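Notes follow the structure.
A, B, C and D label the chains in the order they appear, each numbered from 1.
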Amino acid sequence: MKEAVFRFVEDGDSVVMGAALEAAIPFATGHEIIRQRKKGLTLIGPISDMLFDQMIGSGCIKKVIAAWVGNVIMGVGYNMRRAVEAGIPKKIEIGDYTNFTISLALHAGALGIPFIPTKSLLGTGMISEGQPFKEMECPYTKEKLALVPALKPDVAIVQAQRADEEGNTHFWGGSGVTKEAALAAKKVLVVVEEIVSKKTIQRDPNRTLLPGFLVHAVIPEPWGAHPSPMQGYYNRDHEEYMTYHQDSRDRKGYLKWLEKWVSGVKSREEYLNLLGEEKMKSLLLKRHRRSLPVDYGY
Amino acid sequence: MKEAVFRFVEDGDSVVMGAALEAAIPFATGHEIIRQRKKGLTLIGPISDMLFDQMIGSGCIKKVIAAWVGNVIMGVGYNMRRAVEAGIPKKIEIGDYTNFTISLALHAGALGIPFIPTKSLLGTGMISEGQPFKEMECPYTKEKLALVPALKPDVAIVQAQRADEEGNTHFWGGSGVTKEAALAAKKVLVVVEEIVSKKTIQRDPNRTLLPGFLVHAVIPEPWGAHPSPMQGYYNRDHEEYMTYHQDSRDRKGYLKWLEKWVSGVKSREEYLNLLGEEKMKSLLLKRHRRSLPVDYGY
Amino acid sequence: MRASDYTMEELMVVAGAREIRDNDVVFVGMRLPLLAFQLAKDTHAPHAIGIFENGILRDRPAGEALYTMGDTPNTESAIWTTSMMDIMALLQNERVSLGFIGGAEVDRFGNLNTTYIGGRERIKIRLPGSGGGSDIASLSKRFVIIMKHEKRRFLERVSYITSPGFGDGRDWREKIGLRGGGPCAVITTKGILRFNSETKEMILHSIHPGITLEQVLENTGWNLKCAPKIERTKPPTRFELKMIRKYDPLGFWTRNTMK
Amino acid sequence: MRASDYTMEELMVVAGAREIRDNDVVFVGMRLPLLAFQLAKDTHAPHAIGIFENGILRDRPAGEALYTMGDTPNTESAIWTTSMMDIMALLQNERVSLGFIGGAEVDRFGNLNTTYIGGRERIKIRLPGSGGGSDIASLSKRFVIIMKHEKRRFLERVSYITSPGFGDGRDWREKIGLRGGGPCAVITTKGILRFNSETKEMILHSIHPGITLEQVLENTGWNLKCAPKIERTKPPTRFELKMIRKYDPLGFWTRNTMK
């Protein structure tokens, strides 16, 4: 993890995180980026949940391109507010998208086209001057359309259940904009609960979200998405979201939180030690529900 | 099958078939359409393999919108040639697409947008006058783009491995443009090797290609894709493609083929009787290869 | 049932559920609408389908209380788990009959602001933003707004449109190029408001038990018009309450227990 | 190996395989290129990746002879089975380094016609059409053409462009808006042709064993220019032949046994 972040996340890069929305959020990677004091990053994601807020507070972010920045169950993100309203710790810019249009922007990037039209955005404040969206008249139907330009991120962090050593990646559950982000990005880091044999991947190629030839590093990092859930591995740790909300209400509280959970630990392993075995146990699956096999034979 | 085709495929409809390319081609449904003497249909599909040629020869087709019409391993489709070159049995029109642009057209239809831009088509004969494609200058990059207008078919025939009674459909293997076609179409018929319990679907919702609320009829029709292959059920019957190629070389030969395999049988069951048990056995899987389970629990 | 037997949030969930028709395809979202969807499934709308923008489609409530759509029980036993593009394709392709959204500010024509209090140029408070709200408002056949009824939130004109309602009224949506049908109801902490079919202005339709007309008018930032006959919102039934408490056992969303 | 020990198709497969570099992402297609890809994997390009437009990506040959990309052995042990959109996205997003296409007619600048012999207005023969060929020609970083070398097929100017080569030469591709690199080689039944890096005109590069320069020129419909030094195409090795015959055991594609 340390090495992958060091090598592939460069100052000034645009980075997609949290592409699967409230699940499979790459918290471990975000915390490592904070620890390495990366500078001037642009974060891209639909709903970032509280990870973006944590990163904004650390000062390594210059801009956020997103549909929603906050804490999904608690509401507002205080670091985001402080940064936008008062420039603390640093003024950030926000590029306002909707969930759909961020999806379309990455999809256009993945498809290698400069824009894609939509019927969303029309009549909203987001399509106003200085924003990336344009209006056009459809050459076929003459109706009004909004155009969403392609986003081609420098890096996409893909948090998934499992991959082989070449980066061929299996994912299950709702994937949000993960595939679009990875296909659009110049560099892809895959963070997984476990590395599996290539055979495991090949026995179910429809489960593959992403082929390895697009992947620059595969990082095994168990519990790397905590406190967000990872289907098949652990449930969401709602409590952490509530606590962070209270802790980050003022700058001092956030810094204390940061020291405890990010700067004060060297790795995800230390973070998990701090979290404690009992808490981890309480988040494990209570009820297994295995998929039935299908036959790929011939 | 009879009732579904009777109710949902109307004279003059545009119908997507063969959306998964060389595999999972809805031959049984195509033959039933021929038997019911539907008229003035427009066929839509990327690579139709020989199904479109069979249907063109029967006279129920007015137009074909496709990237390729023929017999994939043998080359040309004689009925198609006779229809285009000599109006036998009926003059047909061909809308020339590429595989990608037919995919984009259905994708635009599925997405509910009037067109989608591409860097394909430029400089080809397909973008000439009278064709559906337009050129435009990109408002962002100023580069030349080709525009592909949305296709919204009346009917999509989805050939898949299994579905529940509500039409929730599982598919594995390469799906071509099947999902795009189904999401774009007004009516969807799902033809499957077997009907399974809803639980089987729900135990692996990432395997779902299509949710049942978009499906108008679910038709269990074992071997409904023969002679094309159905992953997990039977292999491709190459011999049939070679035989049809020879048989359909002249009009008389085609009519003989039609009488034997389509008009002369009442149902898929009779077709399979004609095909024979030995042949069917030879197409069954020799080597099973089951996917490993994943856990959807919590 | 008396007003003291249930909370305002529970009443709002019930009112939300009643907006769901059987066979509706509902863009569910989060918080109270999520409970409303689960409740409707258990009462009058057993055939309704719920879709979630992270890529989930399901036709029965999750097996355990949900805090977010991304929670593991929301995936288990889903009909379809896929990408956001597939879900949004359904929305833009007019397959979604009903959506729910919340808002920080709403105006007389149902436009919502969830981004910049004070407007983009003079930001007073930066809110989280659109999420999928703007997409639902633009593209679903009809949508329901759920929010607190306070004077600072119910404005003559919002300073920034995150999610379009009826703009400045009448055929604005058509003129601006929107395909979806616009808002059909606003469920607040004081009552339920609907829209005049011609002018598209918001109109008081019913008042919740225990609330007076004066309280509604005082908490609305413009001269609110009323329907010819204002109804009294029907309180939750015992069964409805039971179901809500099953889906929100700790009262996180409906009994203010944890904020 | 003597010319009588292998067929022309086998030689063409070998020549095709040699165009594949290790680490290439190859848009494989059907017929001879499919064999060329499998052969390259087993010889000098073990890291090459093959993609197929029905939605398959694999990095090792299929376990059994393939007649089409949709055959069941091509799915088994694939790395990724998905939609055509995902595969074509790779192509348009410049992730594909090499594509193969066949043609019925080719011209001096590598433009291909696989749709209308005689042109769209005066159709003499209606051929199957583009398939994915036009997309590969437009979007892949480089592509190889494989076809029969006959005078009626090698024309000064094709009457209809299905798959664009270099148009009328020089910077035509750039002017017309194409992003991909254009054709890099034409492997025929008589030799291998490449393109002048400036004029983009097709040039004879090597002649197959047993073929004379005169035969090549006679079968080309324009005044074909030659490279300064024309090479002799290297025949298949014993191992290469063995592998081809493994992947085409009945000789369907390479020994004309069944047509």
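Going forward, a contact is a pair of C-beta atoms (placed from the backbone, for glycine too) under 8 Å apart; a residue touches a chain by one contact, two chains touch by 3 or more.
As the structure is a prediction and not an experimental result, all values here were calculated from the model.
Placing every chain at the mean of its C-alpha atoms, the farthest one from chain A is found to be D. In this assembly, the C-alpha centroid of chain C lies 57 Å from the C-alpha centroid of chain D.
The distance from the centre of chain A to the centre of chain B, with each centre set as the mean of the Cα atoms, comes to 37 Å.
The geometric centre of chain B is 41 Å away from that of chain C, both derived from CA atoms. Under the contact definition stated at the top, the residues of chain A that touch 2 or more other chains are 112-113, 118-119, 143, 145, 172-173, 179, 203, 206, 231, 235, 285, 287, 289, 296-298. The multi-chain contact residues of chain D, meaning those touching 2 or more other chains, are 56, 63, 71-72, 75-77, 81-82, 92, 139, 179. Taken together, the chains touch in the following pairs: A-B, A-C, A-D, B-C, B-D. Note for the complex: chain D touches chain B at residues 30, 52-56, 63, 67-72, 75-77, 81-85, 88, 91-92, 115-116, 120, 123-135, 138-139, 160-164, 167, 172-173, 176-179, 252, 258-259. Interface of chain A with chain B (complex): residues 112-119, 134, 136, 138-141, 143, 145, 147, 149, 161, 170-173, 200, 203-204, 206-207, 231-233, 235, 285-298. Contact residues on chain C toward chain B in their complex (touch as defined above): 25, 49, 56-57, 63-64, 71-73, 75-82, 85-86, 89-90, 92-95, 139, 179.
Residue ranges on chain A touching chain D, taken from their complex, read 109-113, 168, 179, 183-184, 201-203, 205-206, 208, 210-214, 296-298. Per the touch definition, chain B reaches chain D in the complex via residues 20-24, 46-47, 49, 66-70, 72-77, 80-81, 84-85, 94, 96-101, 103-104, 107, 118-126, 128, 143-145, 172-180, 228-229, 231, 235-236, 238, 241-242, 285, 287, 289.
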